[in-house]
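Common to both upcoming complexes is chain A, partnered first by chain B, then by chain C.
Then we have the complex of A and B:
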């Protein structure tokens, strides 16, 4: 992508002023919600609602036309129908607005007539060298700027994970799941029909974006696969890239084709190519979020050998099931570690000392759990640690202890806290702020650990 | 299992009086929490804490010994260490207490010495013809009775799903996930070392239990596989049985062996045998819960043909990815259905009418979403319906409409409501009370739909 395209994308994500075209006073309508989303997210720039007859909306003055806008506009969000959108893009171009988000569908995905309409849309954008997001999209989000061009008003935690989604609905699912998990989002884009901006363009932008630490992608299919893989591979040399690819069967490929007009190739081939190029492949929304979470919160391990400390064996077995099919090794503890653990357990422990270490009753109280976690993390053959603890109504969680281990050893830790009772959210936020991602299921903790191990291997392979 | 064993299990799950042996005044100790769990869950029978020196605890009088208990005791929960537990089982037997839950570990899972100790425990139980749950277990839960013998105090929603878990920690994860999802639990058992009661014994009991509508199992491995499969197959003729089996790799099998002393066979073989016998196989805790949820809440479909209605294509594509690998068909709509949908969409709809039906903007408002859902559900080629809707900050959810469709057509519906904002929990509880399970991810909705289709096929195959 030429540098000016990157610069334009940067203006789109950080606009000084946003025009919202197609606002209405009816809260049931998309146009109203587009404006509301900006207000609700606390957009830090200027907002200019445009409507030929309204005077004010949501406390903001409404402008009759683009001619009346009093300040610079970097981005226009267009919420009118597919036909009127073409005219509005033309008008925006005439006014020198560098970027537009086109919400309406009804183009290429509708067959020949829609395709002709989309060609007119593209021609208008090209005429003025504009960046056009969509059409048929929810648009873009930049949490730090309070920018949300979708008609779904929301407030998201601010963080380091940026997302590219080929589906608005799946993209929303990912945002929701991340939000539920206390995982901060940086930028988000629903690519829609990709008329002028391809998946790769956004990817290239996010790869260079300093605020983005991890990139997650939901992919249906693309006729630009070669460039996508090349761009993603280059991005993965800067920061982790996690891809969740839908359309794993012929029946589903058909559905994907008719949705955004994209071609879906064989899932198996996609998967192999992704892996060869150092990309992480997720098999579900939950895995995508779990992997992004670990990579955004924890440091990278120096190797791929996992140590597990728990007081309940089952979840650690489920974890092993998942990690051994990925690139994680379960190492044996060294003799000195075994001695340290023995000393921590005391007389007559009724514990088999092995990895995973199931300390049973010895692991239930925070202080002793912490001593054992410290021993496991201190083993020279352990590169990252998963700590599995079942939350109890009134026993204190071993969060302080785990953070101390994290600081002392410098190794990445993940916590699997079984339970969602009162207090868990606070505990989770406390741990995550200290660099320890927290999971609620063994599978998700395993995916997080595997993502760290995988990307750690990749980065070391380059040095 | 002989009938008297079933009768004893029934007394265990519905005890008139419970003795708690090994209570202490220290909230950090297991013995305190065992008592607290009964109080916290609102146990409806009598509770008798036993301790040689304490007078009262948690507002209850404490009895000095089993001799002093003033009323009948059906169940003793034993929270002392593994050695003292053997003596206490003997004492309980002498007093004629028919059942014990033995919490402590330190038996067979610890090697030869532990095995000898466990033999003494078994001998004591056999001598008095007692039912012994565990040892090395969290014990049992019966929500309707307010019974929770674990040292994890909790309050669970009451419902029709009963669970057998070979791991306390995974069993707790399942309870937590179910609770988060508003899925009611009936009974729960952590089988522990299975000294005198096998997985199959509990399964046989739950198969006959009228309050149990669906059975979920977390399995690590068993040396009693033949009987387990036979029992599960028989149970599945009465009610759905969903199994999640861990230990899918050699490395993990090793961990499972050293945990509860059980042998883990090849996962692939287990899986095939389960499927041949009409059992549903889940691949994760999330899938187990999603399947149990659909089966507990929705009616069975008359066939396996799924209709999907959505306003955002992506999640429906992810759903298809999952269901087409299971036993679900995606049918084409019949001409009359297409006409009804056309009429509902009005002029110039910019919608391709197919299954899944992505109604885009037409599907965003509850009323029109409802009309389209009604058309899809009314198609004679559709046996069950998935309705995919992204929750919006202030647009009304189409819950009322979906419940009306459900009543009118008599067909099972599942809702995928993307979002967890305020109001979602209430909306979910409202829908689930009306027979429509609600999911938050496309994968989970797909697993729910597949479980309904699968068990529907199975039940029809018998008639």
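Then we have the complex of A and C:
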């Protein structure tokens, strides 16, 4: 992508002024919610609602036309119908607005008539060298700028993970799940019909974006597949990239065409080619979020050998099941580690000393759990550690101890805290601020560990 | 004959595919080991080619109208002598006549048995040319135990492909059989990948079967579709 395209994308994500075209006073309508999203997210730039008759909305003055806008506009969010959108893009071009988000659907995904309309839309954007996000999209989010061009008002935790989604709905699922997990978002884009900006364009931008530490992608299918995989492979040399590709069944092809106008393509071919290029593939939204979370919060391990400390065997078995069919190895403890563990356990413990280490009753109190976690993490054959602990009415979580282990060994740790969202929230925020991602299920913890191992073995020593 | 000329000939004749003898000539020109395959315009020519190649031989129909040769009885294996070649030649043309009066026959030597695999290029709608590899027969057709890589592959990726399939252990020698020559297999995959890059006129390629031995391998049949 030429540098000017990247520069325009940078202006789109960090606009000084945003025009919202198609606002209304009715909260049941998309036009109202587009404006509300910017206000609700605390957009830091100027907001210019445009409507031919309204005077003010949500406390903001409304402008009758683009001609009346008092300041510079880097981005116009267009919420009118698909036909009027074409005219508005033309008008924005005439005003020299460099970028537009076109929310309306009703184009290529609707067949031949829609395709012709989309061609007109593309022609208008090209005429003025504009960046056009969509159409048929929720648009873009930049949490640091308080920018949300979608008609879903949200307040998201700010962080390092940026997302590219070929679906608004799945993109929202990822955002909401990330919010629940206390995972901070940086940027988000719903690519829609990709009339002028391909998945690869956004990916190139995010690969260079300094605020983005991890990139997550939800993909249905694209004719740009070869460039996408090459771009993603190049991006993954800078920062971790995680891809969730839909379309494991043939039935998906038809649904995908009528959704965003693209065939899903062969899932197997996608999956294997992503793996060929060292990219991490997730099999669900939950896995995508779990992987992004580990990669955004924990440092990369020096290798893929996992040590597990638990006081209950089951979750560690489920974890093993998930990690070993990915790229994780379960190391055997070295003799010195076994001696340290024995010393921590005391006389005749009812514990088999092996990895995963199920300390049973010896692991129920935070102090002894911490000593055992320290021994496991200290093993030279262990590159990363998963610690399993269950929420209890009386016993406190070993969070302080785990952070101490994390600091002492410098190795990445993940915590599986079996409990409710509410019950672990405080501990979670405390641990995650200290670089230890926290999960509520064994599967998600395993996916997080596998993601760290994946990029750990590929970027060894580049931490 | 080099690749460009073989493809130009097919195009001049209005074909979007290569005959087996052409496909194998193209592969051989790239250093890929194939069983020699020659067109026989007459029964006498078939007999002399068979004598030259050495018995036993295989006769196959060569027709622009018959893509699935064995469906029409167009493949006769394991012909041990001149008399068998003459009979097969007549039979093949007789069966083909209903579809293609201009059909000819190819002659090739019968290859010794080994481990059967397949490889080729798939024209993926979204990725373009993709290299495919799998074990032959039911492993591919029923179990779909194949792997795919974007071309061009590196030598390391070609080698890794031979272990990426589920049935990889069968290549190590199964129930006392000798192990397959994985290096020869990796070399083949690399050569097919390089062909895809060097000859953009190739749309799809199907080398099926390829017989792998403890030392070396042979491509027994090859189909090439042109872009």
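Quick note on the criterion: the second predicted complex is superposed on the first by the 457 of 463 C-alpha atoms of A that agree within 3 Å, B and C clash if a C-alpha of one lies under 4 Å from a C-alpha of the other, contacts with A are read in each partner's own complex, and residues count from 1 in each chain.
FYI, contacts are C-beta pairs under 8 Å (C-beta built on N, C-alpha and C of every residue); 3 or more make two chains touch, one makes a residue touch a chain.
Because the structure is a prediction, the values reported are computed rather than measured.
In the superposition on chain A, no contact is made by A:108 with either chain B or chain C. Contact comparison for chain A: of chain B and chain C, B touches the greater number of residues. Legend: residue contacts after superposition of the two complexes on their common chain; A:223 is shown touching chain C, with no touch to chain B.
In the superposition on chain A, contact of A:51 is made with neither chain B nor chain C. Contacts of A:272 after superposition on the shared chain: chain C is touched, whereas chain B is not.
Comparing which residues of chain A touch chain B with which touch chain C, the overlap is empty.
Chain B meets chain A in the complex at residues 27-28, 30, 33, 36, 40, 82, 105-106, 109-111, 114, 151-154, 165-173, 176-177, 179-180, 218, 220, 246-249, 251-252, 255-256, 258-260, 284-286, 310-318, 320-321, 324-325, 330, 350, 352, 354, 356, 358, 360-361, 364-365, 388, 390, 392-395, 418-421, 440-443.
Chain A meets chain C in the complex at residues 221-226, 229, 263, 265-266, 268-270, 272-273, 276-277.
By the touch criterion stated above, chain C contacts chain A in their complex at residues 122, 124-128, 130, 147-150, 153, 157, 164.
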